[in-house]
Amino acid sequence: MDKYLQTRRLSWRYIKKELLGRSVVTACGLFIIILTLFLVFFIASQGIDLFKDNHVSLSHFLFSTSWHPDRDQAPQVGALIFIVGSIVISLLALALSTPFSVGLAIFMTEISPGLGKKVLQPAIEIFVGIPSVVYGWVGLSLLVPFIRTHIGGMGFSVLAGGLVLALMIFPTITSISADTLRSLPHHYKEASLALGATRWQTIRRILLPSATPGILTGVVLGLARAFGEALAVQMVIGNTIKIPGSLLQPTTNLTSIMTMDMGNTVMGTMWNNALWSMALLLFIISFSFILLIRKLGAIGAMTK
Amino acid sequence: MTTRHTYDQELENLRQDILRMGSLVQMAIHDAVQSLAKQDVELAQKVIDGDDVIDKLEIDIEDTCMLLIAKQQPLARDLRIIATGLKITTDMERVGDHAFDIAKIAQKTAKQPLIKPLIDIPRMAAMAQKMLQDSLEAYVNLDIALAEQVCRADDAVDDLYNQVFRELLTYMMEDPHTITQATQLMFVTRYLERVADHTTNIAEWIIYLVTGQRLRKK
Amino acid sequence: MDYKIEVNKLKLYYGDVLALKKITINIVKNSVLALIGPSGCGKSTFLKTINRMNDLIETVKIEGEILLDGMNVYHPNVDVVMLRKRVGMVFQRPNPFPMSIYDNIAYGPRIHGQSNKGKLDEIVEKSLRGAALWDEVKERLTSSAMGLSGGQQQRLCIARLLAVEPEVLLMDEPCSALDPISTMKIEELVTELKDKYTIVMVTHNMQQAARVSDFTGFFLNGEMVEYDKTDAIFTRPQDNRTEDYITGRFG
Amino acid sequence: MIGRKTADRLATGIFYAIGVTVVVGLVLFVGYLVYHGWSELNLHFLLSGPRFTKAGGGIGPQLFDSIYLLVLAMIITIPVGLSAGVYMAEYARPGKLTDTLRLCIETLASLPSIIIGLFGLIIFVNLTGWGYTLFGGALAVAVLNLPVATRISEDAIRNVPQTIREASYGLGATQWQTITRAVLPAALPGLLTGFIITAGRVFGEAAALLYTAGMSTPILDYSNLNPFSGASPLNPFRPGATLAVYIWKVNSEGLVPDARAIADGASAVLVLAILVFNLGSRYLGIRLNNRLTGRQ
Amino acid sequence: GCGGGGTQKANEGQKTQISGNITASGSTALQPLAEKAAQQFGQKNPNAKVIVQGGGSGTGLTQVAQGAVQIGDSDIFAEEKSGINAGELVDHKVCVVGFATVVNKKVTIDNLTHQQLLDIFTGKITNWKEVGGPDLKITIVNRPASSGTRATFKKYALKGAEEATGIGLQSDASGTVLKTVAETDGAVSYLALSYVNDSVKALKLDGVEPTVANITSGKYPIWSYEHMYTKGQPTGLTKDFLDYMGSDDVKPLIKQLGYIPNSDMKVSRTATSN
Amino acid sequence: MTTRHTYDQELENLRQDILRMGSLVQMAIHDAVQSLAKQDVELAQKVIDGDDVIDKLEIDIEDTCMLLIAKQQPLARDLRIIATGLKITTDMERVGDHAFDIAKIAQKTAKQPLIKPLIDIPRMAAMAQKMLQDSLEAYVNLDIALAEQVCRADDAVDDLYNQVFRELLTYMMEDPHTITQATQLMFVTRYLERVADHTTNIAEWIIYLVTGQRLRKK
Amino acid sequence: MDYKIEVNKLKLYYGDVLALKKITINIVKNSVLALIGPSGCGKSTFLKTINRMNDLIETVKIEGEILLDGMNVYHPNVDVVMLRKRVGMVFQRPNPFPMSIYDNIAYGPRIHGQSNKGKLDEIVEKSLRGAALWDEVKERLTSSAMGLSGGQQQRLCIARLLAVEPEVLLMDEPCSALDPISTMKIEELVTELKDKYTIVMVTHNMQQAARVSDFTGFFLNGEMVEYDKTDAIFTRPQDNRTEDYITGRFG
């Protein structure tokens, strides 16, 4: 009887199979860590040069609107305009799309689930997948002329950027909100209705509050996407290096200036370094969004 | 098709045990009365010895019923089968006891000749036995009509009992020497009357088993 | 007897499928009616027709009538929202809202317009007492209801119902997700509640039906096969199908 | 104060309005793209090469490069992402390392693609000395998609019920056997759907490719299938513009008179491709799932 | 490395036949010519591929200096670009390109003086009526500061004066500029002549039309050389291609696309001259 | 603290009913023997009338047991309580029947003066009654020692029975006029002996109730 | 008696928490042992120590010994994989792999190196017959196992075990996710299987334990309070805690 339980005098194939597989997948995990650390290190080291080598002060970079990197004497690399541009356009996009997103999420989960599942959900998913250049292209060829002729200004404007971005992040927020609403235990609704609540009362008092962390996660993700989006925005905001005075004025943002100038400037120059500092800033911002999302996720998990 | 094979098997075993106990008891009454009538001491002894088997069977059946209740959460008819099993074994065991008592008397009376050939007592025994047999059959076939017939038959046994009782009383008065034996025979008739009573009880339980309705005792 | 609910020739279709076949049953006031039957026989469906929770399903079509205190609940003039207030429902899995215990109970009164804090406090205490939960939770009314045990949650759900002062309680397998001890507690509670409410309860547990109910209805394939006093159903059912079902045997 | 029923009706109305607005908006959007691109959607447009100054060029090489880059990127992404996903779902023990890895994945996922493009420019283009190559583009896109692929793999694997693992161990399987023979097959529908959606992302990516794979496709000799030959379309070490990049380029640098038509056509093709990816993944996922779960 | 390296080897292997793979990137002003020429070159030498990328002059210079491409196209001298070690780059002037001030067609004027141009681009003049045009707001469309076109325009049209920031639009590439100017009322910008077409109007500068004749004669100042830089002396395919660019095969193409062959030029410039 | 309030309440009710039936039966035996000794026809009638109450109580108890089995899935002690309830009611009912029989005899014998003042029969009755009382007490207190004492006491009753039986036989032989009454009294003693027997059964069930062990019948 | 498994003074810690306290029990060969006890008392934990499924949890520490046919399963030389092959496990929820019925059964033999198609066919049929499932599925061996009903799935899982020819079957509440009919079928199956296997089964259902087992062990707070023949446990438990538990009363 002992023969069964005894150690099979270690079959090498067995060990190899077990260990090999394990090592390979572990290596892949480690690879991701290394890759990320490398990327972060890379961006950070590039981004820091501006302050280290070019002795630009952080406050100048962050709070000055003076952007003259091409001046031969005393070039100036204040990035405030770009930062403000990014913020303004992203927030505008968020403000435009969030109500619609949440509204649609409610519509497709609570008001007309049939339509929601069969038509809206696939449509939304397709829209998540549409490449940003297509959005940019439509913005450029449809939205910009429309604004120019019907609303005013040159067409290239904060409004155009905001609208294009809103369109882009709309499906993201919607689908995350809808997922959250859908994943709410069905019985919340039943319980509320069975107590004699109307549908709207149920939505407002039970469903929305319970879904808030999830919806916020969607909003933050949308915001992150808006912040990091490059091509679509760049195509429609006009890229005027100026803090916009109105929604109809053009402006620029972090990603646009990076796309336009990064390739054209020489590594190691102050100008190029300033662009990398913007990349670092962008990275820091998107990293903060992650932390925010994690926090929201933890809150969401608590209410489940 | 049922899905509770084991359970059904166990219920069937229970039924078989009850029937076996029934026939043992019936046989015991028959033998006891025979041993009395034929002054057959050995037969009487056999009945006396057989009582243990019956007693043991009662305990087994009771245990089975208990385990079935514990295991199977019986409801409705299953529950009635088990409850009936628990109850009628008491009656059957009592009938067995009476057979034992009669056999004891048979052994005592065997020493002297009988004061008269026994006619009515075996008749009574036959009636009681028939009732027992009918109730067992009613149990097997869940035959309410037959069970009701058993209940009615009790009256005839009671009548016969009264008749034999008076007769024996007369004997005793006429001839005090018969007193000892006559009193014994009196008890025998009394026992047989009780047997019929118990059998009536059994029949009533069978009616309950089938219909779920308890008959009010008369 | 005094009937709280009278169901007359009720038929219910899911699309073309007839899920309830001419159900007729009178439910005695302040009694517990247990509904038993195999899975999919229509117990939950029947339960939900009473407070019109089936309205949420689009394909549902209903014929016949259900009278609550003599009033047809399917009459076009009936206010469904008010109906559901009168006919409360407890579900299979405890479904507290992700809020504090207090807010759970206060939810109903609030949606029905009660906003006076003092009144709400009163209602909360009364309802929790009614559901035999007050002593266990009175110290932590403001903590989340999700932190309660399953059995406590289910009693909380009952308390939440009581807070809107229903007349009828519908319970769809209220104990099937609970452990034996919690089950016992709910059963005890149901026994107490029937003094004030009329209760209809679906259960898969025969013994539970036998324990807590006064009347029992046996459903099979959308039909009400047998309906009788509980004691009778479980010791001497009249219909063979009932017998087979409750003794665990099927055709 | 309005009654609660009125409020209910009002809210319902508003939601319907939003729903309708959105549906109409979405239909208009796609309609616009397809309507404008429709006239271009012919075989010539899809297969022929671009022209530099004259109208009538097609998007053949770009289409090919999109697909080829997709394949390259997926060849890199899937094994690494899947492995990392397996690690996360099966081997990672809760602890600092796992937390770090998760944070890394999320960090990577949140990086704007432009940053990854710039990173690629310096590493895959300049540092390696490859110049603009499809391979470099594929690497950049792989970096971009790795976190997504990892997360999708991890989710799909995690969604496999624990009971399946228990069952396998209970039968005396080793952990690796359990993963490869029981868990991964069970996770297949989720993996497939996820990867196809990832593929859609690669297909539409532009920002990360502008600086890595370049903005134009050389004239290629489609009869040359030797991947080491410079003229071969299969040579991964050549520049190439994907459709999305081409839209960008045509729009910004194009001298072609019909730039608009080309962009319209290419946009329509992209959108339709995404449509196919989505529907395809849905269909495949559902079919596979049905096969595994025995539904018809 | 596989790309560049492999190419070189392939070249050495078969000296008789020109083959391999090289990339040129940079100036968008030169791009149309480079692409066309590369196409022709490819037809002649089926085994050789010259791939042309845009990106802007800065990109071209940066990448050739880093060795990422074999040829860096530029509108400006490497010396003019900050951060470039011009010493290691070898200049190949392939042609000259002229730049025109272009305006939207709604702008009725067809001439601007140097001063007017300066005032417009420094933000002093904001309406066309100030220079005799219609009452139309001026919208400046700039190229990015890092563009060679812009650098040239700044140097020769604006005499080095710094443009006002915060006005007008900025477009990444010449194509976009063309489109934007065509579509935006009152827009003004500048384009290589190779890009100029009917959709916009090219303006005279101080009465001088931006024509080939005026450039070659030195009357019109806004022009620059188109450079193809290599890192060190060119070898192999790179050398073959550069030779080809200088050959007569390309001359017709140069003219056809609106560029000016070096040989036609009667004036010349160096990196330091103004 | 228990969590099965209702169940416990029902079990307690069952116990109370069983105890009530026990005291009724005990009282019935007492009254019957009293009526016999004191030739009190009315008391006898009371006993006879009271039998219906006992019979009804038996049926009620049986129904309760059945419902408890159906509802509560009794196990272990609960199951034993219920099974014991089902079983000992039969014995108690039989004791009640015997009281009824004795009361009937009391009515018959009341017409004539007693052949002698009854001493042993009331003594026997007292013993049987004591046994009944003890077994009820044992039931209340789950007192095995007491229950075992009851079982042992049966022998004393048996001895007394044999003694009275012989005595009555002697009477009859000496004076045939006493035969009718003596046979009646003989039956009374026999009934009392049976009562003791039934009581022994009850005590045995109590032992089972407490220990879960069945005593083998002697 | 012939003991298949002997457990001596087994202690199990989850980290610092003692989850099993000196369990000593001998399990008779070819018998069914039922383990009962309140939630969290350690039944599953105990079950899993037998085939060392607890090895998967890192914090687990074990003292004492478990002898399988006299060999300590916690001996360092023991090959866990072989142990699990000998001591099979059935779980609470049926857990078929999402593959065909055939592949489910063949999974075990395959991972243990069997690849001969003919042999596999044989094993599949034999195992399915052994689990009383052959007749129901023989027509659709290639269709997915997920399409089976819950009860069939559970029997499939048992068949899957049988295919690796175990000697001991551990079952952790194998019927708790099943309907009554399927439960009955599994119970019948267990009764049949004990001729060939030694079975240890956790159940919350007292009656089930009473029905199918020969021996019953009652766990409380990680202790084995009572261990006896099943008939004895359910009619006359010796320990008051056992009595309280099986009669549904708790301290």
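By written order: A, B, C, D, E, F and G. Residues from 1 in each chain.
In this text, a residue touches a chain if its C-beta (ideal position, glycine included) is under 8 Å from a C-beta of that chain, and two chains touch if they have at least 3 such contacts.
All values derive from a computational prediction rather than experimental measurement.
Among the remaining chains, E is positioned farthest from chain F, on the basis of C-alpha centroids. Summarising the inter-chain contacts, the pair of chains with the most C-beta pairs in contact is A-D. Separating the centre of chain E from that of chain F, both taken as means of CA atoms, is a distance of 125 Å.
Separation between the centroids of chain E and chain G, computed from CA atoms only, is 81 Å.
Chain F has its Cα centroid 91 Å from the Cα centroid of chain D. Each chain gets a centre from the mean of its Cα atoms; for chain B and chain C, those two points are 51 Å apart. Each of the following residues of chain C touches two or more other chains: 81, 111, 181, 184, 207, 210, 234-235, 248, 250. Touching of two or more other chains is recorded for residues 198, 201, 259, 263, 267 of chain A. With touch defined as above, residues shared between interfaces to two or more other chains in chain F number as follows: 3-4, 7, 66, 70, 73-75, 79-80. The touching residues of chain C, counted against chain B in their complex, run 206-207, 210, 232, 234-237, 242-243, 246-251. Every residue of chain E that touches chain A in the complex is listed here, in rising order: 55-59, 61-62, 65-66, 81-84, 139, 144-147, 162, 165-172, 180, 183-184.
Partner chain A is touched in their complex by these residues of chain C: 51, 53, 56, 58, 81-85, 88-89, 91, 93, 95-99, 107-108, 110-112, 144, 146, 157, 160-161, 164.
The part of chain D that touches chain A in the complex is made up of residues 4-5, 7-8, 10-12, 14-16, 18-19, 21-23, 26, 29, 32-33, 36, 79-80, 83-84, 86-88, 90-92, 100-101, 103-108, 110-116, 118-119, 121-123, 126, 143, 146-147, 150, 174-177, 179-180, 197, 200-201, 203-207, 210-211, 244-245, 247-248, 251, 260, 263-264, 267, 270-271, 274-275, 277-279, 282.
Listed in rising order, the residues of chain A touching chain E in the complex are 67-72, 81, 145, 148, 154-156, 234, 238-242, 250, 252, 259-261, 263-269, 271-272.
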